[in-house]
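The following pair of complexes shares a single chain, chain A, combined with chain B in the former and chain C in the latter.
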Partner chain A sequence: AAAEEFTEELLLRPLPDRKALAHFHFRSSAPPASAAGRHHHLFPKAISQLVQKFHISELELSFTQGRWNYEQWGGYDPMSTNNAKPPGVELWAIFDLPLAEIDATWKNLTHTLSGLFCASINFLESSTAFSAPRWGFKLNEGNLRYGALPREAVCTENLTPWLKLLPCRDKAGIASLLYRPSVYKGYYHSQKLKLKSSQSLGIILDQTLTVVLQPNTVSGKQLHSTGGQLQPSWSMEHLFSKKLSGKCLVSKSSRVFVEIEKGIVDNVDKAGSDVSSNNDLFVLSTAPDRSLKELDNLEVQSSSLYEYDVNNYNSDKPLNVGITWKLPLIWSCTRAPYHASRFLMGSGNERGSIAMSFLSTGLDKQLVDSSNDCSIKAVVFQVVPWYVKVYYHSLEVFIDGNSKAISEVVDKIHVTPSEDKLLPGTMEMLLKFPCSMQLATLTLDFDKGFLHIDEYPPDANQGFDIPSALVSFPEFNSSRSYPEADPLFVSPLLENFKEDGVVKSYTEVLLVPLTTPDFSMPYNVITFTCTVLALYFGSLLNALRRRIGEEERGLKKAADKRGLIPLLIAKLRGQKVDPSESESTSPASLPRSKLLLKVVFVAVVAIVFHYLSNS
Partner chain B sequence: MICRFNYRHMANTLSLYRTVKRLGIPDERIILMLADDMACNPRNNYPAQVFNNENHQLNLYGDNVEVDYRGYEVTVENFLRVLTGRHESAVPRSKRLLSDEGSHILLYMTGHGGDEFLKFQDNEELQSHDLADAVKQMKEKHRFKELLIMVDTCQAATLFSQLQSPGVLAIGSSMKGENSYSHHLDSDIGVSVVDRFTFHTLAFFEKLNMYSNASLNSLFNSYDPSMLLSTAYYRMDLYKRALNEVPVTNFFGSVMKTIHTDSAYTGFLAAHDAELPLSVGNNILDHVMLQNEASARRSNIEEMNVSFSKFCISFI
Partner chain C sequence: ARKMAEIAGDETPPLPSSSGAEESSLLSSPPSPTAISGDEPPPRTRKPGTKRLVLTASVLLSFLVGLPLLLKSTEIHRSPLPSDAIADLSRRLQSHPPSFPCGLHAVFLRSGPGSPVASLADQLERAISTQHHLLPASSTAGNISVSVTIQSGGGCTSSTAAASPWRCGLLTAADSVRDDEVFDELLHSALGGRDGDGMKVYTIVIAEDDDGKGTRVVIGKHRHAWVVGKVDEAEALSLIGNVFIKYFMNGGIEEGETGIGKGEFMPVGSDGNVVLSFSLLNADPNDWVYDWEFKNIGERILTPVVEALRPVADINIESQVLYHTPKSSYSYSDDKLGGNVLSMGDIPFFVNSNEWHLDTSISATGRSKVLQFVVYIPSARECPLYLQLPDGELSKTNAFISPMWGGVVIWNPPGCSVGSKKAHGTRRQMSSQELMETLEIFIGQLRQLFGLKPNYHAQGMDVATKFLVSEKGFAQWELDLLYRHHACSNLLSCVATLESLSSLVQSLPRMIVMDEIGRQVELSLEAASLAQRNATLGIGDSSAVSATRARALAEDAFFHPSIMSISYASVEHYFAIYME
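So, the complex of A and B:
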């Protein structure tokens, strides 16, 4: 393309558990810099500057809240493969630089992104937070860096700058549907920025926002699917409280798709009607402009897409796509071959174990690959922070309850052990499971480390997170084909669906409670120590310096001598001056009188000092 | 941190953020620090919405909020780095206070505080002499011309008791030994939603628009101790101008005076007297005057007085 282009698309899909999925997809593309120079009219300049400054060839940044429910929402289709992301922030980037410079560039990149997206992505800058997988995540030559922050909150302040990268922002076009309270009330929402840059193709920026919502329809009160109940009928207005009143004027194309999955299509076929927008099971509120059939590799219709061109709608005739169900229906989404899950074992603050389980979902591999020695490959990629010290030699594998030798199951393993306060522990494993297996479990033992008091977050007693592990199945491809589609019909969303993609799923985030110190101890220590020192020095000085009897007499003398001036005044007035009564010396002995003189001398000195200090 | 009693502090800060944006200061000039995520917290029944009134009429979080420092990044160290400008080289511009010797800065802090300190997160505090030292550094580095510090915590006035730099004005919601109280409880959300001092500050500003010339004096006098249940104390010994001459938009807004003409823009072709004198006025930053006179055709004069205030909101 010699000019910049922008396309916007929205995909809506009913989910089996009475929810609805909305997937917004915006693509901006810029031609190579040598052709167009530095001026952009549609492409966001912040992104092109980012790509040039940090020499990025690929980057993906996602902000996610909630967990993708693989059992209900599917794990085999391009949507769940590309848009089911781990909670919090996940960032990975491939740089076009010599390997020695990549770490420093990654650090600067994280700071820039934190300023751009109002998130604490700068916490990924230190080497304890990111890792460099070679083949567990994506095959690369060492120029990939990956980091995740599971506890990062996602809210309006992250969406605001993301929307500002779009040419029409959220003022016109499909992005104007984004009513913030609806988006953040969803069960899952994930905003993602993916960019690919090359000398020949320029920069392609894909911004996607995937939301799973509960439509607020009157009949949709039940939150769980129950047999015999009609699925909730919903429309765009139920999901977003608004209708679509036109496209973004600078967009090349603006489309809304409704995806009817294989499960529903099969049911419609069984019911005997043909799969159109108005059939025995459901009806779409507006007639679509086009319908696209997906065919699987057996040339059987798998899913259906109905397309609406927003160009045909405007503020007088807004678009409000919806689906109304006629008959109760239960269906299920295709799942990944195994349901991967992860949990912690053990108790106490010294040690524990991480366990990963793979539960077969019944996806028959015979359909995909028929050979006698059937096995399913799975690649596991896991990063564990340094304070959870994993003993990789303690890896044990159990297949259907029986312990197996590691060499039977693990084909390839690459471990970068953690270093205290320097590096996290990275593990990339290629596993081969027999096709007939029902359940596999892997366990790894770990010791819990100690952190310095400064390294604890303010809410240390909540625990520390181990980011999600990624499990991918390299033999399973989640791409789709729409062979009957018009070749002139170009849609970036469909292009993404057609792209080869390995089926992958993310496990849960683990929360590890670590030993926390008593944070009030520094204060307690200071108080105790100062008290002890005060008592010690006080008593010591008292013992060394105090003369009890002399002090008392000296004080009495000073108190009785009223000072010279009052004495003179009294004398002038002829008053009798009382003799000091404190002198109770016995009249006879000489040493006693010497003592008396000494006492008088001390008293006079005291008075003089008293006067000098008061003047 | 899932502490419920911080909701009203978020609401305080966001109310002031909204007011200041409404009076003209853009997001690039605002540094917003929120120590906890209330709006999208799972315990918030109204996701992406923060209210400062139980009538729930105004969603403070809105559609366009930009938070610069949030969660664990709100620390005393980062706060002092923002004030003094001593950041690591990688820190992006949106997280820096890019002020210079002509700037007017508003610094608003709210949270839990006490005698000579302000609590940050749950494990740190900012002390009054730390703040005074930071302001002194700012003055020496010419990072502000006038600074207004507004503090809404218990014993707020003690936080700025150590200040000595000229050009600083400070107001706190209570004096030493007094507490500052919340305004009302929202039984739907379950927590108090705004503090009294901020509530009355907002009540004052809701009546204003960008072009009002209410003075700081009227703002400071609008605080009624019987309504606040504490004494709002301000110190103006370091501030040279008389408070009744300073408009509130000096700190809280950014006024752009434009003269609208219906005549067409003739461009530079006809102009010959385009001068750009930089005014050396004492009170205004970045005062730029552009005079453009057409010779034969109708005169077309555009005059723009731009005075920018920068400010920083901080929340604990």
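So, the complex of A and C:
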């Protein structure tokens, strides 16, 4: 039987905006076995048990901080397609279960993942937080669930449990480069866990970490004699403050790749030199063990990869791959056919509109002949929380500024309207844009809903995040293949590059300000009402009990009358009391004894109550 | 306050109407003396009318009408808990702790011819019965019925007390010279050949045989022991009493020792589940990496143990291999012993919870228990690593346990000695022989965690005693002991939980009690009484099963999520809200 395997790989790539991309890829695989989930050698026990318990056939969980810059860092390559993720947490899973059991399983799964990764994934438990897209996200038979938490902050407490799933953690091998201060200083950081499980293949766990870093080189600003500014030269040590001193001993293969984009390769070709590790434009600090060339469908070399086998390096001879530029160079990454972005329109706390714009990047001009009936397809998938009540009938489409009939542009649409406190609104839409189009805009009106006072999150005045929408272009495929003569050369990273990769891009997260109540309002209302009630009952009782006329008479009498004590003293002395006065004494002493009785009665009641309530 | 004053000012306009005049004069106190000196109203001549009375009564009435509404709106649902039944059960358990009746059957195998005398059997029976005052109070054994069978060449005689399962003539004293394992099985078949349900009968066979080797006692895998040798009657009687009380009833645990029935907890989750998680820790894979074939060998060795313990706990087995897991205590090099030594005082710091990601298992949900069993492979620098006992000796097993957590075995890989060369990252397999030896240590640790002795030394017996080891890890009589104690401790724990729940509910009159809690309590009581009934019949295993169920249900009720929530309010809180 096949054994459990582990491979580790790292891909480094210079980016046009003077930054560098590092992509870590770890694959653990477990063969299908009857004792799966119980006995393991390399594969993490927790993941295997998770798959067994929740009958997962596919799962992807990503934690992202920052936004992928599709303009600068590329939008038409496997990296952006597979590893550019929306900010916050995104989770989707396909279950191998009857449809009726899926929702309950999803809820349990979110709680388990929440515990496993130290994150509030359990907020995806509520039915208002997840949706079941049919084809807009990924074609499925109704057994897929998708949820996103755009506001989840990602930090090192999420990375540690993720590293725990690797056999060597960050103690050895490529993961030892993950020096936290440099990783979290980056511009973009996305940590992903992807699971695939089937009866025939067993479980394949891909863990990737994609970071965009600013190399902290001292000589970053050096000017070249030709006047242009050189790209910063960097090496692993600059990026991670560490060198690589050997592989994780239990890994089957351990490799580092340096990828040189098509834009640079074209420039090297133009300069007339061969694309090797040392040419007119740049030099790699260490000679690679192997170089691979990508061939696109026209058999033209587009990008090249330089491979280093970490097996050949150890703590005495650490690996420190770097790139040094010789000439100033400006290049750009390949971009997706349209740049998709999403924004809010309107003002006030009552209503607004969501607009989505597609700006042509000019890519289609090169690829498609501009005949009249040529069109480009785009699929939009967006989930909107229920408190943003979108009126889907209000969909309007503008192409190059002109309003178009929906039927001209929208090929297929599937909408699940939101239900208050029950379901989020889900929209899947297949659009067809004419090739000559420069800018398309879609608008949707919405009303802002009201939440119950205890449904507001802390700091509600900050606004509410609407998760990113996903735009994919099914006619464009970003997969790359690196033909290799050696059949023994198996790289899961390059395998992933080769897999079907429909070009995708995520839009921005929207921040919708909702009307937030004055959270002290209930207490104000209570105080106010109580005051009014107290005044009402107080004056009512006064009006009923007191007789002003008689009181005034009484006061007048009292002014004439002697005090009670001199009266009593006089009585004790045996003096005859004036009958008119004795008449007034008895009613005067009677209320006093009554008062005394009342006080005694209240005291007794209080004591009895206290005694009863305590016993 | 200013706002209130303003409101009050607004609400009392100086109206000329009578009530208005009254109120305004009320507010402008003290009344000006000019009002009195003016034309005063005539003194009251008639009694006050009913108008005011009606008005006052209507206000009062509206309060009284509102009162039921208020009470209705603040009503809370409380499922009635059978607190009487709980108290009753607790009283019953206190006055009559569960005791399991069992039988003691003594068989005398006489080699001489002739039919034994019936009266001798009765006489022996009486003699044995008088010894039972020796039984310590902590034992869970109840009534002991004694029976005696004497077999000699001519036939068998049994005492009148019980129908003996002894198959007369199947076995003679001469058979006792055979191999102990064989004789054990022969005895088992002579006694009916089944472990049986119902009351447990323990048999002690006295085989008279004077081969001159002296007297010895063998305790078998089932519910019997035998004595071989030339023993006179008085000696035989004392041996029978000794073996029965010391081992069959108390598991060989002396007074003052910790162990089963001595306040030790069972390492079983309150839902009756246990996960045994086996981990192989490679302290430093740069030196050597070891793997094991646990799936086949481990499962094969541990399955009988799991089966044997099923009435006590539902056991799941898992295994994993971890890397880069250094220990967190220091060891020092000892040249005399030729290795690194870890003293007993450092053991509490051995388990490195920062680096050992032993992981609780997803299969151990809720309140089930995970027992960790760890094989630690030292790095080349600290190899070989030995455990030193307080008396300076080295530990034979090189292992230790931590109660309620699990056990650790330090396994020095073959060929590791002080200053051994790094094998630099070679991956090796732990041989199956070594793995089996390690697992045997683990089974011993498991026995210890369950409160039994890891192995027996014939202490306190004045004759040579031998114990046959079962492949299940636990002999049948040990399992009986375990079942009895498990049933007792679970019953007590169940009652304690139910009592706490009942007093909690009574002490918080405004606490919501869900119907489900009431149902769980009832089911728990039912299971508890079933366990008690089984105990009085002497059926240990099913009593243990019911007791486990009773405890699980009681804990479920106590830890019901609705109890944990702040769904109740104190009386003060209640008054504060509604009377303000």
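To be clear about the criterion, the second predicted complex is superposed on the first by the 508 of 615 C-alpha atoms of A that agree within 3 Å, B and C clash if a C-alpha of one lies under 4 Å from a C-alpha of the other, contacts with A are read in each partner's own complex, and residues count from 1 in each chain.
Keep this in mind: contacts are C-beta pairs under 8 Å (C-beta built on N, C-alpha and C of every residue); 3 or more make two chains touch, one makes a residue touch a chain.
None of the values given here were measured: they were computed from a predicted structure.
Touch criterion not met for A:432: it reaches neither chain B nor chain C. In the overlay built on the shared chain, the residue A:111 is in contact with chain B alone; chain C does not reach it. Shared-chain residue A:459: touches chain B; no touch with chain C.
Between chain B and chain C, more residues of chain A are touched by C. By the document's definition of touching, of the two partners only chain C reaches A:42; chain B does not. Judged by the touch definition given at the top, the superposed model places A:571 against neither chain B nor chain C. In the superposed pair of complexes, A:592 makes contact with neither chain B nor chain C.
In the superposition on chain A, the residues of chain A contacting both chain B and chain C are 112.
Within the complex formed with chain A, the residues of chain C that make contact are 4, 7-8, 11-12, 19, 21-23, 25-26, 31, 35-36, 40-41, 43-44, 52, 55-56, 59, 285-286, 289, 291, 294-295, 298-299, 316-324, 357, 359, 361-363, 425, 427, 571, 580.
Listing the residues of chain A that touch chain C in their complex gives 35, 37-42, 45-46, 49-50, 53, 112, 164, 167-169, 171-172, 248-250, 526, 530-532, 535, 539-540, 542-544, 546-550, 552-553, 555-556, 613.
Note for the complex: chain B touches chain A at residues 1-2, 37, 39-41, 46-49, 59, 61-68, 70-73, 88, 90-95, 121-124.
On the chain A side of its complex with chain B, the touching residues are 65, 107-108, 111-112, 114-116, 118-120, 122-123, 125, 152-157, 160-161, 170, 180-181, 183-185, 456-459, 519.
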